[in-house]
Structures are given as structure tokens and as C-alpha cells.
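Two complexes are shown next, each including subunit A; its partner changes from subunit B in the first to subunit C in the second.
Coming up: the complex of A and B.
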């Protein structure tokens, strides 16, 4: 444990890392501060009085709100709301996905199976009244995107870049300090990579946690959620855009905004870990950290291009659950995932699967490193 | 000069060039190719179909009022409506509902009672569609938009052609409606000024509706590629010298102490050359499709989109290319500064990655929709108060980066080695 502590100290006291984190935080605060919306703040405050469930009681409570600049707009958009999930048939989405991608055989059956299962989730959300919650009313999509696409997206990109760099720093430290011929000459010395892995992982996750805590604290200071915390993210006002289509945002499980944020952070953390492990494996094979970093970018570039150009649908569906695609598809997490995805709960399956694959690759790389000639 | 030449040889080594070549291939298949294909498709499948291209072929870069009259939009609309009337007359589903001609269908379709008439139910003001209502509606649409399953076939249907012609009527005959609204309500002085100018000119540019927007996005991606390629190319030069402590050797002589100046010159020159090569390679496929608009003015407006300045598309391309070069040189300067304060590659990467990311961000917000009212720099940072802030931002950043880097290079001969 003592070695891990020393390795951690090496990483955390690296001046350039501190500079990077400070810059990232400054950027996030700048982004977040431009997202203020006075109508959203009004809704956040109003929903403390009205509650979040649309209907007669909500309308009556809305009528009691003190008259102001946004009161009429709010009342207008929250009265006579159509339950978009009533009669919502997921077969149409399945038909579109099958036709759009030209699926047949097993791929078609799996796509239809996913949407047949998704129908149960849609019905459950509708029956529970989740779709008839207010969220941010007519600006829901914009506010949902502001938090979960742009703010969390910026955090996620910073998190994965830092996680990869930190792990490369941890693994490549001895090479750059020209101490590897001392450290790795003995069998015991070569085991230090385990401690480096642990230290790099703790540092990567810790830095992401710091970024997330500070950024989200500032976000919620500028953009209070008020009563909307209890609103369901599957609100009828929310949308998911999938190619040409805009569809209701429906999650597999009932999640209010607070629960969705927690789940989102958990998956983000999983992705950050994936990039840490990816950097670990690359760092063990490529001792030049610069080339190692370029290799990580190239690897993810290939993973990005593969589903676009692969003639095999199953390969595309598999790669669409790789960490880089999960990052790009973050605005669909916990929903059906559209026509790029064939399995339910793709973000959870994707993170778990990627972690498992990367752990195996990491173990294989570590075993290879033990026997490698470093000269 | 000889030292600069040797530094250039160090920068332009085979391995790095291979990485840059792979990077270019990745960008081409990852986005640029799709940009070219999308624009190619939009010249025939945009909101005006193929009609705007036809007008350009007939009348050249601008549309005069007599040319608009000669194109006879009302007559063309009437002709396609006659085709639609014929379809309705021979399709039983319309007869069931007493529809005999398209104008009658169009009025009914846009009425509040359309869905209720088809059998949808209304409870507490909410309309609930029934399967019968949806099937009837789809049968009508199928009759009007029935095609051979291809995009060309769909766009050739009279229903779609009518939509294109109506859009064209909005663009060239009724443009005053949204321009006057913009002049009355928009808080950005430059937007109002441009809207007034377009109104006075009769919104008469026949430039392809999607050209400037797609080219701006395309050039933003090329800008990102140039920034990343320059970063990859020049990062190792200074850091590797410092990492291997070669600078101790270099600094032991009077000429060696000036090495940073030579390296700075080599870096800036490399960025300049590489960005020009990337621009030349990347712009050619797009310009092969759009060269005929080279002399057409970008100053135009369609609904809420407005291009602000009276310059030709050719001039727009040149400005975009210059800004990409400027950003590439800025990247060189910024990375030079970051490398100067790094003793080894790992430390440099923690500085170079955020610097490169920041320049990528600047390239995107400056180049995407450049010179339009929707540009982020113009609208969000400068609130539409000044002319072409995109140029000002890119040049200012480049000057700052190059001047600061130059100062460090100049002062290096007095630096203390640690």
C-alpha cells in the first residue's frame, strides 16, 4: 500500500496535471455560466409550488402562481398536455430501424426483440404517469441537453483525456525519469506496475470526481433545479434525436432527474475507468508516452470509423458499445439507443463489457511485460 | 539558415509524416467525405429541390425581377397542382371523403378538424389518433407521394415539387416578410444592417442555399485537422531535445544559444506549409462540386438564416483558408511555448493537449457558419456588434501566440539552464 501512496504522490504532485485540471475547471465554469436561463429558473422555482405531475391539481396550483413575465407562458405550455406515450407503439421504431439499416435474419430479430421489450418500458412509464411530469416544460429538451449533453459531455471528454494521460504518466514515469533499468531489473521491481495501475486508476477517478463535483456545483448554482429534481426524465416534453427522427425520451427504468444524474455519473465513471485501463495496456507495450497517446487516439479513431464502414451489422452493433461510441451517444443513455444499438441497457452492457475486455487485455499486457526485454 | 534547414529535417521525418497521412485519411473517412457527399446530394435534394440550380443555370449569379417573372413560379405551381388534381381524381380514398382536387385537400389537411373528421377522438382537448384515421391519412399521402423508393423518385413527385416551388416563392418573392421582422426585432446591429442591405438588393443571390453553410462546416473540420496535424508534427522537436538534455550541449556555444530561434522559425514554417498542403488537398473535392458558384455573393437570407457580408463565395473560400493557416501558425506558437517549459514529453503532453483542444474549439466556433448571424463568435461573444469578429479572434490569438513564442525564443540566449 505504501508503494501505491508514493506512486499516487508522484502523479498528484505533477505540476502540469494541476495546471490541466485548473484550466479544465475554468473552461467548464465559463461554459456553465453561459447556460443561465431565467425562464428555466422560473420553472425550477414554480415547481416547488405546483409539484411536477401535470393535471388538474397542477393547473390549479399554476393559477395560484404570482403573475410575472413567464407565468402565462408556463401555464400555456403545461395545460392540456397530451400524453405522448399513450398508444405509443415501438414497432414503428423497429420497422424504421430495420428498413433504414437494411437488417435481416438474426440482426432483424434482435432489433425487433429489443423494441418488443422496450414496449413494456414505454407502457410502464405511461401507466406510472412519468410522461406526464413537467421537467422544464417547453424548454425541457434545451435544459436536458445543457446538463446531460454539453456539461456532462465536457466533463466526460476531460475525464477520459486526463485518465489516459494520468495512466501514461504513471506507467511511463520510470522511462522518462530514466530509472526503468533500475526498477524493472528485478522480478519484484516489475511487479510495481500493479501499484502504478492502482495509483493511476485512483488518480484518474479522483481527478474526474473533483472536476465533476466543482463543475456541477457551479452548474446548479447558476441553474437551480428546484422542484424539477423530482420530475421524471421520461417527461413527455423531453426528446431524443436519432438521425432524422425526434422521439419521446423514454428510459428503461423510471428515473427522476436526480436518479438519472447519479446513474449518468456512474456510467461516466465506468467510461473513465475504461480509458484508464486502455492507457495501462498501451503504456505497457509502448514505452514512449507520446506515441502511446497517439496510439490511443488512433485506436479510438478506428473504433469510431468501424461501425460507419463495416459491412457487417453485428460488428457495428458490437463496436457501438465501445467506450468512444458510448461517449458519443451519451444523449441516449438509459433509453433504447436507436437504430445503432441492438441490446437493451446498452450503456451498462457497453461499460461492463468494455471493462471486462480491457481488464483481460491489461492482464495479458502485464504478463507480457514481465517477460519483455527492455533494452 | 542552415540550422533552420536541419531543424526542418528533424521535424519532417518519415514516422511523423506517416502518422499525419493516417490522420488525414481518418478525417477524410470520418467526416470530410460525408460533407462532400451531403452537399452533392443537397444540390438536388435540398428545400428547393433542383429548382435553385436550374435558376442559377438560366440566370447566373443574381436573379433580377424580370428573370423571376420569366421563371413563372405561379405558373409552375399551378402546373404541379394540376398533376396532383389528376392523382386525386383517380384515387378512390379521396372520393370517399368528397375530395375532388388538391386545393380542397390542402385546405382540409390544414384545418383543425382534419383528424377528427378521419375518426380521431378528442378527450379534454387532447386528440387521440385511431388506427383507421392513421391508415386513411397514410393512404392519401401514399397516393400523393408514391414513388419508386429512391430519393430521386420521391423528390420528383408533384407533391414534393410543389413544396420546393413554394419554398422558392418564399425565398425570392416573399423574403421581405422575415427580413422586415428581423429588422424590427433583432437586437444585433450588424444583423439589422445586413438584413436592410439584402432587402434593398431584393435577396437576389442565386448561390446554392446550402453551399455556404456546408462549406463553413467543412472548413471547420479542415481547420481541426490542420490544428491536430501541426500539433503532431511539431510537438517532438523541442521536447525531445530537452528530454535528452541536448539543449545543454547546444547552449554551450554562442550559436547554439540561438537554436530556439531556428527551431521557432522551423516550427512556424512547418505549420504554414503543412496547413497549406492540408487545405489544398481537402478543399479540392468540395470545390470541384461548387466552383460554379465562385463569383456568386454569399449575402442572402432564407427564413431565419442570414449571411452577413457582400463577398463572393470565392472570397469566402480564401478567407476560410487564410484563417485555417492563421490557426495552424497559432498552434505552432502555442505548442512552442508549452514545449519550452517542459523537460520531457509527458509533461509537455499535459500542456499541449489542453492547448490543442482550446485551438480546436476556436477553429470550430470561428469557422463553422463564419460570416452568418448564427456564428457563435459573432452572436454569443460579440452580440452582433462588430464586423467579422471571427477574423479578429483568430488573428489576435495567432499574433499573441507567435509574439509570445518569439519573445521566449529571443530571450533564450540569456536563459539559465536548470
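Coming up: the complex of A and C.
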């Protein structure tokens, strides 16, 4: 077995880790099994017949549906639908954001620039008919939140906690087993941390994948998506609610529900990686895993509070793209991001930027560890 | 540590000094765990920090507080350390079996180490240090926690290992090194006091090394 294999074995045999994963899975299964909604199941099934694009053909197909408890409600909410993106002007959101936050100068210009660009996305979604797709009709917001805010959010929180813990346990393993002197004086020496980084990353991502696969499989077993997979998430029925207004859910790019789920998982995975790398850097400075974990909580606490209390808007905008804020703003991923965000595609920029910063910090930490006296 | 100049050849070197005199600090420098603020440590004329893994490849080390994985068997633990020492799987297995036989642990090679006595753990420690057949074997207080019988067996084992390598054995127990050390190195106040053979240190004045030790450190008031 190579060194990475040994390190993986050490991680995966941690009883606390196994216990955490089992508990997380039990919790997720309990939560998602209570999210059943018979009307949503009806829509998932009905859209196999009607398709997802609203209009005359949709209405005619809806009329052919077998009469049942939800048929009339469904027909009522999907006929005579007005395209909410028609004439939708993002300047009003920009005005509101500028006024709400008291932006001026460069900050104001950047906020207005973002919404000027976002107008093109809105127009494109409208022209492509994305906003005129059914998704889950009048319960779209609730169903979208159930999957992408609550279920994926729970997965994300579990994923980042586990990724950080796994990496800290891996890096701090020799300290807790008092084997540092033996391990760091072998030929591999302190370079063993590279293997630990790889093993910790594989384990962190792997555990997140297991949690996601099991949880989503159970979710979709209880909450089938049926024909709605092909509906666009920028459906006129969908909404974004943040601190200052509710508005249509519009993504920068056209994404159906299946594509949005894949993109969401990719960003989630990026954030899980961020927490792995964060833990790696912290673990190299604080050799005790549990103290390291407390430090990560404190660090993210500071990152959480900074934008709230910082008088500098630009600092707030930058920190709002840090991993912890991306987790908290998950219900706005791939949209404009509201008044907390100044750049388009904030989730992608945030993940890539955070990863780059954390890789550099990790490299500096590793260089520091290489020359540190191990007393 | 200050003003220390030492040169090691093959054979057993006993580092003898009371606790706190700097034995472990010197050993940690020799094993690259800490770095000297001044001066150099050379191996074959090259600074050991420059040699990096090439130096550690010829190094075997048993620390004072030898840590181990309680849920691992000796075979599993040696397998891991062998991987860290860059030894391929089949060689590692063969070498581990040989060493476990040498330290009389063959019967418990697959038993979890959590139930091992202090002596058995120390023997696992010797085995892991020997896995790469090191040119330099450094043992820090290796007999700590061993009963007298185990201590004798351990001394014999070390004497056998020292034929074709440098063994640096740190201890504050004089009898550990008296019979096996070719050279005895003593420290006082973090400086080198002497480096000579046990015979030369005893001279005509002292009956054994213990008397030398007591004489030197009694004078300093630290024995």
C-alpha cells in the first residue's frame, strides 16, 4: 500500500468520523422523507404529458389530464400565465441596492455595471422562453427551496464540517498518536503532509459524494421530479428572496433543473475543497486537530461578521465571496446575488478565488512547517 | 547547546548526562526535528538540511517517547513506516518479519499493540528504526520503562546492531552504556564536557563509569 493509501485507511477508520457520517445520513433521510408533497408529485407526473413550456399546447395537454384532486388547481395556475421577465428592468434593483447600502463612487458604479450586464441575461432568459416554463407551478418556490436550500444546504454544511474535520484529523494524526518524531524523521519526513493533503482531500470529497448520492437518491425517491427536470430554474414561478426584496429567479445562463443541480453540486464540491484546504493550512500551524477545528470555526465567524460590521463596502463585497458566505448565500447561486454581491457569477468567482487564495496560503504554511522546530 | 564539535564513526556512542542537560536537544538536531541557530551538522561533508531525504534515508530513530498506533499490529505499523521510508511492499514485509524475529515479537506480529507491555513497544520501536537498515541509528532513552531483564536483552541487541553503523544512544542510566559504548559523550550546562572511551574516562581513579558520572555531576551539584 502506498502512503496515500495508508493515510486514507487511517482517516476512514476513525470511529467518530464513521459515526458522524451515519448520523448525518440518518438525519438527511429523516428530513427529506418528510418533504413529500402530493401536489408536487402530481406536477412531476403531469409534466410528462404536458411538457414544461407554458402556452397553448401546454394548456391543451393539461385539459387532457385525467381529472383528479389537483388537476383543476394545476390548470388554473398554468393557464393565462404572464411572462414576468417581459419588460423586466434590472435598473430598479440596482437603484434599490445603491440606496439600501448607501453606495457611492466606485462601489455604486460597479453595482450598476453588474445590473446593466444582468439585464442582458434577463432579456436572454425572456427571449428563450425560460421564464415561461412550469417548474412546480405555484409551489415552485417551496419545492426549489426544499431541494436547493434545505436539502443541498444540509449536505453542504455536513460536507464542509466533515471535510475540515477529516483534513485536521489527517494532518494532526501524528500529533495525537505522538508519532510525529518517528514519522517526520523517515525518508518522506515532513513531506508526508502532501500525502495527507491528498488523502484528506480524497476522503473529504468522497464522504461528501457518499452523503450526496444517498441523500439525493432518497430525496428523489420520495420527491420525483418527473417532467420538471427539463423545466428552467428561471421559471416565472420561481423567486429569489433576500433581505431587501423578492424578485424573479433569473440565472446568468440558461439552466434547466437537471443542469442547475449539476452546477450546484459542482460549486458545493468546490466549497468542500475550500474547507479542506483551509483545514490543511490551519492544521499545519495548529497540530492539535480539535484546537484547529475551533480555530476554523472562529475564523469563519470573523469572516461572517466582517461584512456585517465593516464600514468598507469593498471589503464586505470581497468577504461575501468567501466560502462561508457562499454557503449562506446558496439560494442565490447563479443569479445576480443581490446587494451583497458586486460581481457577476459570484459563486463561481468566489469558489475559484477562494481556492486560489487557500492554495497559496497552504503552500506558505507548508513552507513554514518545513523549517519549523518540532519540540 | 553551545560549543559542541563531535565526529561520529561506526560504533556505539553513549550520550550521558542528567535530565535537562541537552541530550534530547542534540538528538532532535541530529534527526532534523529542530534546527541549529548557529553551526552545522554534516553527513559525509554535506549539511544534513541540504541532504534532506537523502540524509533521513540513512537515519533510524527511536524517540524518547515512542508513539505508536494503538489499533495497529506491529506488522501494520511497520508496513506504514516502511512506506514512509520508501521501501517497496514485498521488501517491507520481508524486512518487517526479519526484524520482528530479531526483537522476539514474531508471535504477536498481528496482535493489536494496545495490549503490549512497555518493553514490547520499545522493541517495536527498535524494529521500525531498523527497517531501512540505517547507517545512523539514534536511540533516545531506549531503556526507559524496561525491567532489568529486558534492559539486558536490549543492550545485547544494540551491541549486535552497532557492528556496521553509528549508534547514538542517549541515556541517563550509566549501566546502559558502560559495557557497549565505544565512546561516551558527556554534557554539562549544555556544553560538551568530554568524549572518550569508557576505559579512558575511568582511568585508574574510578572503578566504573557510574563513579565518573557521580564525580563529574556531583561537582557541578546536578547529579
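Here is the rule we go by: the second predicted complex is superposed on the first by the 369 of 375 C-alpha atoms of A that agree within 3 Å, B and C clash if a C-alpha of one lies under 4 Å from a C-alpha of the other, contacts with A are read in each partner's own complex, and residues count from 1 in each chain.
Note that contacts are C-beta pairs under 8 Å (C-beta built on N, C-alpha and C of every residue); 3 or more make two chains touch, one makes a residue touch a chain.
Computed from a prediction, not measured in an experiment: that's the story for all the values here.
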Partner with the higher number of touched subunit A residues, subunit C or subunit B: B
Which superposed partner A:187 touches (first subunit B, second subunit C, both, neither): second
Which of subunit B and subunit C A:109 touches, first, second, both or neither: neither
Partner chain in contact with A:91 - subunit B first, subunit C second, else both or neither: neither
Which of subunit B and subunit C A:23 touches, first, second, both or neither: first
Which superposed partner A:13 touches (first subunit B, second subunit C, both, neither): second
Touched partner set for A:3, first subunit B, second subunit C, both or neither: second
Contacts of A:373 with subunit B and subunit C, given as first, second, both or neither: second
Subunit C partner contacts - residues on subunit A that touch it in the complex: 1-3, 6, 10, 13, 174, 177-189, 191-192, 371, 373-375
Touch list for subunit A against partner subunit B, complex: 14-17, 19-20, 23-24, 27, 34, 80-83, 86-87, 161, 165, 168-169, 172-173, 176, 288-290, 293-294, 298, 301, 304-305, 308-309
Interface residues, subunit C side, partner subunit A - complex: 28, 31-35, 52-53, 56-57, 59, 61, 63, 65-71, 79-81, 83-86, 89, 125, 128, 132
List of subunit B residues in touch with subunit A within their complex: 19, 22, 26, 29-30, 124-129, 232, 235-236, 239, 243, 342, 344-347, 349-351, 353-354, 357-358, 380
